[in-house]
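Presented sequentially are two complexes of chain A, the first with chain B as partner and the second with chain C.
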Partner chain A sequence: MEVGLATNLFKAAILFYLLGAAVALILINRHKLCNIISNAIYSVASALLIVSSIIKIISGSGQINISLFESPIPFITMNIRIDNLSAIFLLALSLLVLCVSLYSMGYISHYYGKRNVGIFNFLYSTFILSMIFVFTSANVVFFYIAWELMSMLSYFLVIFESEHEGNQRAGIIYIIMTYVGTAFLLIGFMLIYSYTNSFDIFGSSAAIPEFAKNIIFIMFLIGFATKAGAIPFHVWLPQAHPAAPSNVSALMSGIMIKTAIYGFVRFVLCYLGIQNTWWGVLILCIGIVSAVLGVAYALMEHNIKRLLAYSSVENIGIILIGLGVCFIAFAQENLLLGEMALVAALFHTFNHTLFKGGLFLGAGAIQYSTHTKDMEKLGGLIKTMPITALFILCFSLAVSAIVPFNGFVSEWLTYQSLFANIVSGQAGLNILSILAVAALGFAGAMAAACFVKLFGISFLGLPRSDHSLNAKEVPITMKIGMGMLATLCFAIGLFPLLILKLIDKVVFSLMGSSILEQLHGGCGIAYYSLNLSSGSISPAVMLIAIAGVILLALLGIRIIGGKYIERKYGTWDCGFEALNSRMQYTATGFSKPIKIVFKILFRPSRETVVTGDLAYHPESIEYITADESIIEKYIYNPVCERIKYFSRRMTFGVQTGSIHSYLTYIFVTVLLLMLYNMIA
Partner chain B sequence: MSNFFDTLSVLILFSSFILMANKMTKSYIKTFRIQSMLLALAVGSMAIKSIIEEGRFDVLVVCLLIIILKVIYIPNLLNKAYAKAEYKVEKDFILNIPILVLVCCGLVVFCYFCLSTIDGINDGVINVQVVNSISVILIGLFFMISRKKAIGQIIGFLVIENGIFITAMFSTQGMPFIVDMGIFIDMLTAVMILGIMVFKINEEFDSIDIDKLNNLKG
Partner chain C sequence: MKILLYIVIQLFVIMMVAPLLNGIIKKIKALSQKRKGAPIFQMYFDLYKLCKKSSVVSDVSSWVFKVTPYIVFATAIAAALLVPVSTMIAPEQLPGDIIMFVSILALGRFFMMIAALDTASTFGGMGSSREALISSLTEPSILVSLFTVGLISKSTSLLQIMNVMKDKGVPLVHPVYIMIFFALLTIIIAETSRIPVDDPSTHLELTMVHEAMILEYSGRHLALMEYGAAIKQLTFITLLVNILIPHDQLIALTGISAVMLSLTIYLIKVIGVCIIIAIAEVSTVKLKLFSIPNLAALSFILSVLGFLQYFVLGGRYV
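Coming up: the complex of A and B.
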């Protein structure tokens, strides 16, 4: 009965998305009407999907089977199968889509009359549909088609503002990288098919020999890591996410890169099964590198959306650390630890969807009212956009893993699983785990610095340009969209057991045992301890404690200091009366110390250009700083150069343009084939 | 009967050797016409055989089509194209004639050895007809490589087509009629397009030497 309800709701949601796409095309010329109606439809659809997936997870570990399209041609079938793993990703997707659609009602208004809003909404809804199908497809061919559609539609959305040359470049890098990744996935799928003669995702992989499994794992690793944007496959991510309109970047960063996490769990963990410890070790290493380098590069960015994109790389790194520990634990048949690490990874995936989606929406709100993404031109926005500022503060706290927001809980679980992975008798793995803990700590600290920079430079202080001086608060629908996400972040941070129970059911249906007994919860206010390690934590109690400490401190000051007179002055003006914006700390200045400490990573260069007759009496002074990415310099550029060189050689050597040489190629090929036929 | 077809296939092979040894563009067309006549003869005898044995008339139609198209129409068309593209230099092969002919001999031997291993077409002894006709295909391709002027490429293409046709005839004793028709229409279109191309190339480059087409490369 419950499953039937979930099935019907799911079908209704799909129909609503299709309806939304159709409406967007029908009302293509009436921008305002089109935008509001279609986004309302998407909101309804995603609300239906939220209910459907929650019912699905609560109802147990059965599967929903829907056959959309059957054909006599083999493999061309569209089978949908929703198990709990799909449902938890659907839940994250539809929560985000609900908020983003509400937000889009206001955000898209700056496109009215300038761009084709109908096409935009059509692409938006089909993009969401393709992601739904990625999460729910039951056979590999359908999965692959949905995956390709997702990449293609997101490419069109990335280049939606295509008149900027930077966006076209970003789009090209994105499409190249995504196709390289997909090619590796395709090799993996073909290998699977060649051994099992089946495209069923839920089938058995018993027929695949161990050697082939290793190769398939490597293929999946490259393919999915490219989509996830893990270092060193991340080059497209900081280019594509800033180029897209903000509501699309929220979807891309929030949920599209998580399809790769879904792929890792679905194909590697569930389908292939964990064979060797080195699989997990490899994923753990990629996670560590992504977490540390991602946040390090984020700190150097002054473009808000690029900063957020690099922060996504960092968070993918944290998720991969959790996943790596999970794989290691399953390879060593330490079921409890594996499940806990899987819960941590899935929980962080879920949380990252909420707060990173929110942050991109916030960046969109800033761009909406100031028309710039450059932090050096912002400042003082907290006075003109107080509500947006509050929401972005919430998201920043969540992404920096600070109590009582949701990011903290999942990072804490990741730490716990890393600590639990340190057991006696395996020196190498222990060193790796300790390193991972250190890397996670380092990444956490840097992330906090990074978001202090984002919030401090953009929202505090004085406006640095007319853009931010004349900023206005955004429309109400945008505030609702961000506010819902902020509330969710806070609520999950306070009562993490609500979501943890759902994720535990997912892990239970995948792995067959539950870790909920390890997580004791008491009547709403979460409190949990783990039998694995002695750590236990309760965010709600911590919040009360923090509030208590602050109150006590205030009280103490009042008691000790006695009565004092309050005087209000401009902060930091040191006796000068007129503070101006050029006296403030800049974004460049903020990240400078870190840039110097980690010189080896950033390779900074600086240049001071003084114009004028005398050095002591300059007309203008220009200060230019630049840093270069070591990965692009030492991996991508040499590879690109090689390919270019090789292609040029081929044009002159093989593809000469002479018909005779082409005919000779045909002739020689025919002779060689005949020879091969004779010998073989 | 079998001896008769063996002889014909050898004659067709021999005609392609003659083609390879030709020096003048005009004689390419003549040789092609002779080869097509031999082809028509072979198909005609097969047609009579199939009328007597099975009462099928379609092979006869194919034979007539060969006579109309390959013996009369296409050589005339080529002669016209050649007359329009006026150029005087006659020597247009890349190696000298004896070496080209020797390479052709090598190709026939190569074919013989390659085909000797294929089951199904040899019953006990090597099927000489198939060996000869496949050699014609290879020689046609090699002819295209060895000639510089565009007319040479067209003739080479037609010889390949002849070779494929005669291979099919010898190995199946008459294909379905629709397949034959398809082949003819394909070939006719190709030749017409090539004829126009030759004319255009001549107009553009004042020569039909295809080496000049290198300039078109981007």
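Coming up: the complex of A and C.
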């Protein structure tokens, strides 16, 4: 009965999203009306989907089967099957979409009369639908169609503000990378089909020989890592996410890149089964590199959205570290550790959806009221946008894995799985694991630095330009959207078992055993603390301790020092008495020491152009700093050069433009095919 | 009941001893320079005086500036609660482990760094930016060191680690622990803003790190910041001495007298580490900022070598 309810709610949610898409097209010329109504419909749909997925997970390990479309053509069927794994991703998606849709009611208002809001909302809802189908499709063909749709629709959304400089280029890079990734996935799927003659995602992979599984794994690894934006396949991510409108960036960074994590769990862990330890080791290595380099490049950015995009690369790295440990443990048949690492990875996926979605919404709010994404032009926003500032502070703490927010709990679980992996693994794995611990620590501290920079430079100090001087607080709907996500981050940070119970059910239905017993051992009041045999934490108790100490400190100082007397005065300026906003530290200056220390990663260069006589009469001095990514320089540029060279050669030799030679090609091909048929 | 007792004793010891350490270190420095120096209890008087003074607050700053001293102080205390001064008074379970310890301190540091940017002062930004660098460099080594002792004890809980180390008798004769000891000592020097990483007594703005971040503070806010820093310093020293130089196994007594004896030995150990820090401080010069990575790398390598030693020695022999 409960499953039936979940099914009906899911169907209703799908219908509502479709309705929203239709409404958006019908009201295409009434921008305001269209935006409010369609976003209200999406919010309702998302609320239904939230309820549906929670009911699904709570009700047990069963599956929901819905047949959308059966056709006489083989394989072209659209079957939906929702198990707990799909449901947890649907839950993350719908929570995010609910907040983003509320936010969009206000955010899209700056498009009124300037852009086609109807088309935008249509694309937005179909993009959400395509992601829902990616998470729920029951056969590979349908999965592939949904995957393609998702890539294509997000491409249109990325280039929605196409007149801005660079957005077209970002779109091109995105679509190329996404198709390269998809091509690898396609090879993997075709290999699977050639061995099993089945497109069923839930089928058995017993018919696939071992060596083929290795090849399929590599194909999936490249395909999914490209979508996830893991280094070295990340080049599209810092281009595409900043180019898209902020509500779409929130969806892309929050949930779209997580379809790859879903893919890893669904196709590699559940379908193929873990064969070799090196699969996990490879994923762990990619995770370590992504976490460290992602955050290092994030720190160098002063475009808020590019910084957030690189931070997504870092967080994907942390998720992949968890997933890598999980794969290693399953390969060595250490089920308990595997499950714990899987819980850690899924939990971090869930948490990242909430706080990174929130951060992109916050970046959108800044852009909405200041019309710039450049931190060097911001400053002092905490006075003009106090509520937004508070929310961004919460998200920043969450993403830096700081107590008492949700990011900390999932990183704690990741650390604990690495710890357990060192206890159980072999020497090589142990060394890799301790390096992963060091990488996580480094990434955590760098992430804190990164978000100190984001918050400190944009919200604190003096306004650096008129953009931020004249900023106004954003509309109420935008605040509600961000506020809900911030509340969730805080609540999950304090009571992690709220979500961990659901994730544990997911792992239970996949692997058949539960680790919840272990997680909250002999604790009296459930929910507030996490216990493992190797250690325990309770963020709620720590928060109470901190709050208690603050109260005691207030009281103690009051008793010793009497009433608080405050004197307002200018900031210390060494007696110069003309402190202005240009004397503050800049975003570039803030990260300069780290840039110098790790110059091997950033290859910084600087150039000073002086016109006139430098010593006595300089007319103008121009100072340019630049840094370049080593990955783009040493991997992508050479490959691109080779491809360009090769295509240029092709125009002379093969693709000459002459119709006669093309006819010859067709004739020769047909001839060869006939010969092949005669022989074979 | 035992938890309440623990909190009371722990808070009392930490809060009473923390300012004393600064006094001792300053006294040793003064004596080495043939000065008489301030009395070792000077910091208590300073804190008292600061509490009574009014605060000057920059007109540029926001609520972040005023909230930060309380958060810095509270996180230092909360972190101190996770590191028992004596295993005898500790309850069965503490609400956090080494990862929580690092994260709690990160909360305080996060606020200190943003508060430094809040006043629009260049010095604040400078301190904040340098702190970001130093904390990123020390974080891997702190985690690897603590993970290594954690692995030996099969637990990430600091209390559990201390209990296991206690049973091992005199751990500092094994190479693993020697490496970890020096790795942690280097980290303590960096984390508590001491020479050669930072100079706590300088007020030359261009070389400051920690002092630059709290430059704008005055009155009770400054008192909280200074007190928080002193407590953080004591917490790190406690971590070092109670893990690597355990003493509770030596005490045959029971009851109150055992606890008193344990706390006395603890105090002697802490003062011993203070003397090492003071000697390091008078015998070296402050490194330039871009030499700090070398020191951090040294600490990281020591901690990883410690970890590798643990495997060479096969874990159970350690």
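One rule holds in what follows: the second predicted complex is superposed on the first by the 603 of 680 C-alpha atoms of A that agree within 3 Å, B and C clash if a C-alpha of one lies under 4 Å from a C-alpha of the other, contacts with A are read in each partner's own complex, and residues count from 1 in each chain.
Just so we're on the same page, a residue touches a chain if its C-beta (ideal position, glycine included) is under 8 Å from a C-beta of that chain, and two chains touch if they have at least 3 such contacts.
As the structure is a prediction and not an experimental result, all values here were calculated from the model.
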First, second, both or neither for A:V541, with chain B first and chain C second: second
First, second, both or neither for A:L675, with chain B first and chain C second: first
Winner by number of chain A residues touched, once chain B and chain C are compared: C
Chain B versus chain C as contact partner of A:H660, first or second or both or neither: first
First (chain B), second (chain C), both or neither touched by A:F442: second
First (chain B), second (chain C), both or neither touched by A:G273: neither
Partner chain in contact with A:I402 - chain B first, chain C second, else both or neither: second
Partner chain A, residues of chain B touching it in the complex: 94, 110-111, 113-114, 116-118, 138, 141-142, 144-145, 148, 153, 210-211, 213-214, 216-217
Residue ranges of chain C touching chain A (in the complex, touch as defined): 48, 51-64, 70-71, 73-75, 77-78, 81, 93, 95-100, 102-104, 106-107, 109-110, 113-114, 116-126, 128-130, 132-133, 135-144, 147-148, 150-151, 154-157, 160, 205, 215-216, 219-220, 223-224, 289-290, 293, 300, 304, 307-308, 311
Footprint of chain C on chain A - complex, ascending: 379-380, 382-383, 396-397, 400-403, 408, 411-412, 415-416, 419, 422-423, 427, 430-431, 434, 437-442, 444-446, 448-449, 451-453, 455-457, 460-462, 529, 533-539, 541-542, 545-547, 549-550, 553-554, 557, 560-562, 564-574, 579, 581, 583-585, 589-594, 596-597
Residue ranges of chain A in contact with chain B within the complex: 655-660, 663-664, 666-667, 670-671, 674-675, 677-678
